[in-house]
Amino acid sequence: MCRWAAYLGEAVFLEDIVTAPCHSLIAQSHCAQEAKSPTNGDGFGLAWYGDRPEPGLYRDILPAWSDPNLKSLCRQIKSGLFLAHVRASTGGATSRMNCHPFISGRWSFMHNGQIGGFEKIRRALENSLSDAAFDQREGATDSELFFLMITEEDLAGDPQGAVSRATSRVIDASRRGGFEPALKLTAAFSDGQSLYAVRYTSDGHAPTLYTSAFRNGGGRCVVSEPFDGDGSDWQAIPPSSFVTIGRDGMSIRPFVPAAAKLALAV
Amino acid sequence: MCRWAAYLGEAVFLEDIVTAPCHSLIAQSHCAQEAKSPTNGDGFGLAWYGDRPEPGLYRDILPAWSDPNLKSLCRQIKSGLFLAHVRASTGGATSRMNCHPFISGRWSFMHNGQIGGFEKIRRALENSLSDAAFDQREGATDSELFFLMITEEDLAGDPQGAVSRATSRVIDASRRGGFEPALKLTAAFSDGQSLYAVRYTSDGHAPTLYTSAFRNGGGRCVVSEPFDGDGSDWQAIPPSSFVTIGRDGMSIRPFVPAAAKLALAV
Amino acid sequence: MCRWAAYLGEAVFLEDIVTAPCHSLIAQSHCAQEAKSPTNGDGFGLAWYGDRPEPGLYRDILPAWSDPNLKSLCRQIKSGLFLAHVRASTGGATSRMNCHPFISGRWSFMHNGQIGGFEKIRRALENSLSDAAFDQREGATDSELFFLMITEEDLAGDPQGAVSRATSRVIDASRRGGFEPALKLTAAFSDGQSLYAVRYTSDGHAPTLYTSAFRNGGGRCVVSEPFDGDGSDWQAIPPSSFVTIGRDGMSIRPFVPAAAKLALAV
Amino acid sequence: MCRWAAYLGEAVFLEDIVTAPCHSLIAQSHCAQEAKSPTNGDGFGLAWYGDRPEPGLYRDILPAWSDPNLKSLCRQIKSGLFLAHVRASTGGATSRMNCHPFISGRWSFMHNGQIGGFEKIRRALENSLSDAAFDQREGATDSELFFLMITEEDLAGDPQGAVSRATSRVIDASRRGGFEPALKLTAAFSDGQSLYAVRYTSDGHAPTLYTSAFRNGGGRCVVSEPFDGDGSDWQAIPPSSFVTIGRDGMSIRPFVPAAAKLALAV
């Protein structure tokens, strides 16, 4: 499992969220409080939007707590929309290509959770990708693969639907693989305009997700766990939710996999 | 603080101590049980003796738990005398030159603890080095500096005395720097023939140190904390002890800094 | 393109071939003389056989010329059978998983050359792998994929035939992909007993390959380019050759892809 | 020796100078044309000024040509004042702390050249530092040490004089060390407002230095070697020159070490 934080609002220094708060994401890399494991030391990453439609990407394999580049970048860079992630591997090597966020064109994506039984269905899921999506695969994680799956499900036109349909593909592949689906999916992604997040599990406990306004400035954070104890007013996002944050506000809608939707519709 | 393990005996695979036991040094890099901090993820290192008088050295900055090279090297290399270390920085960057063990000629050295107030006396201690020792300084840690100090205190002729005199130099420098000495020194070192360890603190609690025979084979381990719960019969080394392990057995002697010794002798 | 060196014989220090000679493999990482590009700075690797049937593996992403671990390991480790490689990427990121040698069970493999047009046939070739071979894929290189292909072609029973059949699969995939095959294959591999090498190209110039006895000691080297100018008596291996080196001597046989073989047989 | 490029003007994407031109700094990391060695693969670094008085700093040990973070950062970050460097070590390990630029407060500095005989006078020069400057030393290079020396020579009040006096200290230390001074100093530095560069050698050939307006936009580059063949109109800076570039223009003045100055004044 991992920890992440995302922000949309007026431009702020990344350090205001990633490194400066008392329980910042970097602090969480060393001692997370609501994660299965307190240590998230298997690499980290940043995707931030600036003057281009595509995000900048900085990922490395050191623990976030010991990387001086990360501290300096967060201190220097201002952005009105960014994703930041610290990794605790559930499998897959510690390499830059396995660190989140992943990007494709103007999209960025990061994930806390896992596709349970991934080793049994990895090949089937990879084969389900279009050639264009397959060619973008650089690493070996379930998370990157899930991201590539949503990019080919009309992600731009229907972000929630794209996640819903990709979730359904994972559930179907698990069943065809002969085991009960065990997907844990607490993820955030963005196209450079809006910030989306999902909290879902096919079984058991969904990884935590919180949101809060940031400094009364109209900005908003979505995070794995709160990064301060006092200044903010954190709201827990319920399981099976899809969050959309835009310049004009936030909506939280129920989230179910596409197949379940279809089944309910019948 | 850090964790370390050392071995002298008939040649064994390094993995038998470093990676394979249930609470191996690699496990301790993730969740040490007797350290101030459970995480020792700021790099690691191995020094092992083979066919040459000088040890081989392998150090890197990833957490030990995520380095596939470390696993493979420990699985492949057999040695009858080696030192292994996982680092939790008390200051100083995460760089290879700051990872233990340190080597000089045929000597190797690793340390758990710290020179309290090091930033106030670092320059004085470095200036106390001979040119030959100063030129060997590669990193910025208190541990490497202490090692270089013992190398110029007749280390070959009187290992315990060398540590005792270097300890005294640190204590003196602290007092001249205007503060109470705060040295924590649980260290191991070797010349490729014998294995030495010291447990000492100038104040408060000395970091833990244990020893045990290894597999009834005549080999012996010295470690920060036991790496298994059952197969071995661990003996806690008392504070203010100096341990000498040779091919013919082990001795544990009282250890005091040289200045204190002189004072007692008067 | 890359540079590599392999050795079979009585145990020697790895440094005798990898780092010490005037034009050692490390020197070749900086200024190769017979390669398309003089710089081979995109990582390196060692696979060496010792007391286990499986090789040890050490790979890292720094240029070989600047890695102190590599120097120390080569100075300390003795082996009677090893493969060493310095990489110049023809595509694919600089990551440990993309560095040679690759290993699978007791087999190790390294490659100088490339599968021309790889991006067009990568997916088809990966899909041609068995599930067992596919699951071992860690990186993204053409070289690792070729290695996995030979492991499922009766590599143990018929090493030359395995390479021949895998070569044929690449040629076939290229033609089905609509382009002329452009495979450059100068590779070495071992099962821990014998050392095999192949020099082949489907078009144009095959990367160079040389062999020499080593120090009159019964040992033998196979290399991309000679590592000294005087002490050895290098023999250029002709294109379309398959080399087998065992404890009892060397054979050099003509090498053709399996399909061509079949065509000849008709 | 190394290669570097610096820019002052209206904000541009770093990639416009660092990665995009045909003979960009990244291209020079692989095949520099006017350097003693064509390969500058021992790490790299960026210092750029933005919304704070202090620069951001990004340094890493991979060759610049193979670091995807560098490419992405240069593509995303805009700055009106930045320094970029690719390193070819003349001694000293490949570590982040040994990569240029170095920073101190709002100052940044990078260097092509070396202090000849540095190993003989390193200790004397380090001991000549004030405690405040000494405490900022993180690495082991001659370049960082020279930078720390100028920071304590009234750098803010008299930039050229500071370099002149530090140069003199190096020359004096060399003579006291018993050898002819062999300083090669082609360096750039900035306080976030102006951009300074020096080209000097105490003997032989001074490393090259060029300047050019950038894109008719009022911006100006100072570089080790031109990064394009056509669009710009490069002017070679003569040896023994000190360059000052401000928002209002550029001046090139003769540069001599302080001691020589004094001697001339007498």
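In order of appearance the chains are A, B, C and D, and numbering begins at 1 in each one.
Following the convention adopted for this analysis, a residue touches a chain if its C-beta (ideal position, glycine included) is under 8 Å from a C-beta of that chain, and two chains touch if they have at least 3 such contacts.
All values derive from a computational prediction rather than experimental measurement.
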Equivalent interface positions on subunit A and subunit D, same or different at half: same
Chain pair showing more contacts of the two, B-C and A-C: B-C
Centre-of-Cα separation between subunit C and subunit A, whole angstrom: 39
Residues of subunit D engaged with two or more neighbouring chains: 68, 93, 96
Subunit A-facing residues of subunit D, complex: 13, 48, 50-52, 54-60, 68-69, 72-73, 75-78, 96
Contact set on subunit C toward subunit D in their complex: 30, 38-39, 41-42, 61-63, 66-68, 89, 93-94
Subunit B to subunit D touching residues, read off their complex: 93, 95-97, 119, 123, 127, 131, 134-135, 138, 140
